[in-house]
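The two complexes that follow have chain A in common; it is paired with chain B in the first and with chain C in the second.
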Partner chain A sequence: MHRKSTGYLFVLPALLVLGLLIAYPIAYTGLLSVTDNQGNYVGLDNFRTILAARATPTAFVNTLWWVAGSIFFQVILGVLTAILLNQNFRGRAIVRSVTLIPWVVPGIVAATTWAWMLHTEFGIINYMLTAPGIIDEPVGWLTNGSTVMPVMIAINVWKMFPFVAIMVLAGLQSIPNDLYEAARIDGASFWEEVWYVMLPQVRPVIIAVTLLLVIWALNHITIIYAITRGGPANRTLITPIQIFRTAFESVQFNQAAALSVMFFAVAITVVFIYIRTTAANAGASK
Partner chain B sequence: MSDTALKLKRTGLPVPLIIIGSVVLVAVCLFPFWWMGLSSIKTLRELYTIPPIWWPSMPTLDNYYTVLFESNIPRYFLNSVVISLGSTFLAMVLAIFASYGFARFDFKGKPLLQSFVLVGQLLPTAAIIVPLFVTLRVLGLVNTYWGLILVYMIITLPLSVWMLTSYFRAIPVELEEAAIIDGASRMGVLFRITLPLSIPGLISVLVYAFVTTWNEFIFALVFATDSSVKTLPIGLAEFSTEFNTDWGAVMAASMVMTLPIAILFLSMQRLFVGGMTAGATKG
Partner chain C sequence: MKTRLIKTGLAGAVSALALSTGMAFAGEVVWWTPNFNEARARELVTKFQEANPDITVNLQITTTDGLPQRVLTALQSGAAPDIIDVQHGWVNGYAQNNLVMPLDDVLQDRDDYVPAALDYVTFNDQLWGMPYRIESLAVIYNKGHFTEAGLDPENPPQTWDELIAAAEALTQNGRSGFAITGGGEVGNTIFRSMPFMWMNGGGIISEDGTQVLVNSPETVAAVEFYTNFYKNGLSPSSTLENDGTANRRLFIAETVSMYQAGQFDVNSIKTENPNIDIGVMTIPHPEGMDTAAVLGGWSFVIPSDARNPDEAKTLIAFLSEAENQGYLTDTFPARVSAMDLPRFDDPILQVYKQMLPFGRPAPAHPNWVQITQAYFDGIQRILLGDEDAQTAMDGAAAEIEALL
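Showing the complex of A and B:
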């Protein structure tokens, strides 16, 4: 009953829009990366210039820390939260709703609120740490080179762990009851159930979510950009922010494009792994 | 099912752990939001006091007055509403047709096209922002509502398509076939049968698209530099300059920006969470 060509008509408008505003710009980046700002072909000059810039390796290393640090804590906290929310207890619905708040709060709001809480003189965080004597004197969290990146990671973890939690929770709730009963007949304790029943069952979800988090950590630059713009002294300069600043602050579109092409290659590899993994999961769960 | 013949011991987290865990979780998630609200009703003097004032002795709405009557925030609020509604509506329309096509038809290259749609969702902002800027400049759409509406549409369209596709697939195809035998057209089927049955899915897509566009910062920063199109996130960033930040007003503006979206989201969260988990992990 389905004429095959009709399907194309339905998907065509969306594909046209995406093609025009995604595929075309991507192709255009490629062109920009090998030309100068007059449009003359310059080969790999832009790549050489941007790779030779002092900020580039710094940004690369920072990006690795940013992604790895964010994801490590997001996944661990997210899974622990999911296990907690999977329990039956009074008030669970409220706790679950509250857990979603960091995720819903706009990135810029999260950034400014945390910046205020981390204020060196008047911030509540320094007060909560100095009052009971955990630290001796207020710390300049956002100006101190050694604390600023961990703090950015902490804010990012706060913002995104709820997402991991709800995804893993959905996975936990689809585990068939007989698996738990079998474990209980064998006399498994709660933590043994976590280790031998829950985690293996939600592993595909965790893998898919982790890959999404990698992509989002590379994608969402609002928190860092709004608070530090990559400073102080490039301590929080990650590659996406370097691209942004090269393009819109130094107005070097061609070098920014060259950096985008390299960044894009890395990101698309992650995306490819994600698609393969989710496809494999979908196949396995059928 | 739990009434098995065997009396099994009930396992679960020990109660003290549940209580401690819940309290810590709620505190961590809620505290910044609470502190934002509290700071927004403090007087200047109480805002800058050490030790911090936990409860203002004379709560004030001065900061809200500043934000609502002495700043550009109301204008930015309006811009945000227009842009978010516009792009959400357009993304919904395109997503409905695309998802229906993907869910109900088989055609050559479908898996590839579906992957292409997903790639759109996952593309790094930083990698496309430069060419997108150049493209919009050529089209004359920088600093226009349409520019941001289009940009936000391509951000939200991919995941919307994936979420709706899984909703449409879950609706029994027999219902549609019966209607077609009765002489309904393909469009009639879509609008009279499939869409009414997918209202939860449509709502979750709507919430996702609206929240995403409402919250977006980086694209707005680049594509809206004129106050006639700037959105709330940009307005908020303008309040806090490096050396002189009126923190009370910033926190009041944060509340103005967060409350509508938090209310929308939390009232729809059941639907939304279901659609989201299905869309992102199953496809």
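Showing the complex of A and C:
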């Protein structure tokens, strides 16, 4: 008993710092969301105003597409890459390091580079497609309402799939060899090995990584903001960008705080599931 | 003895360093100015300090990219510098949120200022910023392209119909006649399309901020006129991602023959493509109407949390003397008398000078940024082909109505 309370005493400084760094901003955001810019209490007015804005439902739907689309392709591409990198072939070390490049490049650099490559007039992608005559006219990748969100998702997938690959690869390498041997003795083909040996073994890793990716995609702002700022006509406006715009472009900190509070509720649910899953996995592997 | 001296000296140096990075001295003015002002600002600071040896000026250079966010964060955080250069249009928002202090006591010679510049930064009958630079857009065109297309380069279009006709004639060989903007920061499109509404008797909201004008017949006609340059193929296919800078780049590459630009574009065109014979015309107007332009520019503000506001005011008063203001500005000064300086005699600037009297401030409204965003979204919906001009502007009107 006595021991326990001494322990609390030792973690107190860390708790204080954590409180200042985490609890204070959250509490302050909560306070901002129910006051006006003069600091008067206004109840749920800010929530009502921001929910009534035309951009809010658009941003919500876009965010769903953005998160779902990104995760789907990141996980599939990442797992396939991991399986490939787990095979024995010449130059595997080089391929492994090259795969990591997108993930290592700073987000803002990647975004600016892609923006230039995709530009209708100056972009190299349109040049590569028009020069050999694959397409007749340059495509407005970033200005065509039907291509811009898929392009954003593609860039995000390109950026993050190496992370999935590395995590899953680590999982694959911890699979004991006798499992493969047993499968081979039973006459399993390569794809049966993938399906019945590899995937079940790395499932906990995939679930944890997916949840982590959901959290990141929800909070992600760099790629879209640097390339389209949420345009054209809000086609790529996602909720974090709407929060940023409301606060720093429209000077409506209180409405932005209200939106953040609602967004926080969604994000914290995912975080909660993530913590529960990873904790359960850790328990299961013991 | 010697080591002790060194030790004391070191300690002194260290604490001095800590002080200079951590906090401002009494009598020190921290001044944030954008990088395009840097060389001239340094010169003026040296001059100022010779006359005021008891005030130190700590000049810090900012970049305009992301500046609104940076200034806002500084103003909100309570750790702001003493003077910040901001665009006229931002000042009202700061004033309404009590983030800056009134500067009526610094203003001398009120009659010498272009009235629209002062109106811009006035709120509740008080002056919240000291304008030092004003500018408006005009249309820059390529005289060579005019000759090739059989147009007279010395007689550029005056009216809307003539502008359309010229743009049609110039759109050939992969060139676009008249580039409009439909991307980048919202302000690019506001500055370029709002004058057309004003000339036609419309606008986004009324000047007193009580009425929505964005879906009035006059405004919709102007919006149609503006967006049709893209819809009819007279503006580049990249219009939806182009801001003013992108248009300048296309003009330098000679794929665009006319576009709206400020005088600050002239020099970079001259240096990057000296082959272009640059012409400048006033922005064409509807038959029988006057031209119009949005008056832009920069002002000094003093944050409410400034540590040395009195010294800051002394520096602003010095910088606002006609000669210094005329020296500092990248475009035109806000003071009429400063306009007489020889550097404003350049013939290519004369058209810009002619535009100034037609320059009007953008309406001052606490929700102006959101209002322009709603309007800009409407413009993009038209350019994307989602909605026609009337529907898009009705949609914008509904959003703006809720913001008034």
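Assume the second predicted complex is superposed on the first by the 267 of 286 C-alpha atoms of A that agree within 3 Å, B and C clash if a C-alpha of one lies under 4 Å from a C-alpha of the other, contacts with A are read in each partner's own complex, and residues count from 1 in each chain.
Convention: a contact is a pair of C-beta atoms (placed from the backbone, for glycine too) under 8 Å apart; a residue touches a chain by one contact, two chains touch by 3 or more.
Keep in mind it's a predicted model, so treat the numbers as computed, not measured.
Student: Applying the document's definition of touch, where does A:A188 land relative to chain B and chain C: first, second, both, or neither?
Tutor: First partner only.
Student: Quick one: classify A:E121 as touching chain B (first), chain C (second), both or neither.
Tutor: Touch status of A:E121: both partners.
Student: After superposition on the shared chain, which partner residues are touched by A:F248: those of chain B (first), chain C (second), both, or neither?
Tutor: After superposing on A, A:F248 lies in contact with both chain B and chain C.
Student: Going by the contact rule stated at the top, is it chain B or chain C that touches a larger number of residues on chain A?
Tutor: Partner touching more chain A residues in the overlay: B.
Student: Check whether A:F47 is in contact with chain B, with chain C, with both or with neither, and answer first, second, both or neither.
Tutor: In the superposed model, A:F47 contacts neither chain B nor chain C.
Student: Which of the two partners, first being chain B and second being chain C, lies in contact with A:G140: first, second, both, or neither?
Tutor: second
Student: On the A-aligned overlay, A:N234 touches which partner chain: chain B = first, chain C = second, or both, or neither?
Tutor: It touches chain C, and chain B stays clear.
Student: Check whether A:H220 is in contact with chain B, with chain C, with both or with neither, and answer first, second, both or neither.
Tutor: A:H220 sits against chain B, while chain C stays out of touch.
Student: Based on the superposed arrangement, let me know which partner A:W66 touches: chain B (first), chain C (second), both, or neither?
Tutor: Neither partner.
Student: If you lay the two complexes on top of each other, which residues of chain A touch chain B in one and chain C in the other?
Tutor: In chain A, positions 119, 121-122, 248, 253 sit in both the chain B and chain C interfaces.
Student: Note which residues of chain A are touching chain C in the complex, please.
Tutor: The contact residues of chain A facing chain C are 37, 52-55, 119-122, 137-138, 140, 142-145, 228-229, 231-235, 245, 248-253.
Student: Going by the contact rule at the top, pick out the chain B residues touching chain A in the complex.
Tutor: By the definition above, chain B touches chain A via 1-2, 4, 6, 8-9, 11-15, 18, 21-22, 25-26, 28-30, 32-33, 35-36, 39, 47-52, 94-95, 97-98, 100-102, 104-108, 110, 113, 115-120, 122-135, 150-151, 153-154, 157-158, 161, 177, 180, 186, 211, 214-215, 217-218, 222, 232-233, 236-237, 239-240, 247, 250-251, 254, 257-258, 261-262, 265-266, 269, 273-274, 276-277, 280-283.
Student: Which residues of chain A touch chain B in the complex?
Tutor: 1-2, 4-11, 13-15, 17-18, 21-22, 24-26, 28-29, 32, 80-81, 83-84, 87-89, 91, 95, 97-102, 104-110, 112-117, 119, 121-122, 124, 127, 131, 158, 162, 166-167, 170-171, 177, 180-181, 184-185, 188-190, 193, 204-205, 208-209, 212, 215, 218-222, 225-226, 239-241, 243-244, 247-248, 253, 256-257, 260-261, 263-264, 267-268, 270-271, 274-275, 278-279, 281-282, 285
Student: Tell me, which parts of chain C touch chain A in their complex?
Tutor: Those residues of chain C that touch chain A are 68-69, 72-73, 76, 93, 97, 182-183, 185, 236-241, 249-250, 255, 367, 369-370, 373-374, 377, 380-381, 383-384, 386, 395, 398-399, 402.
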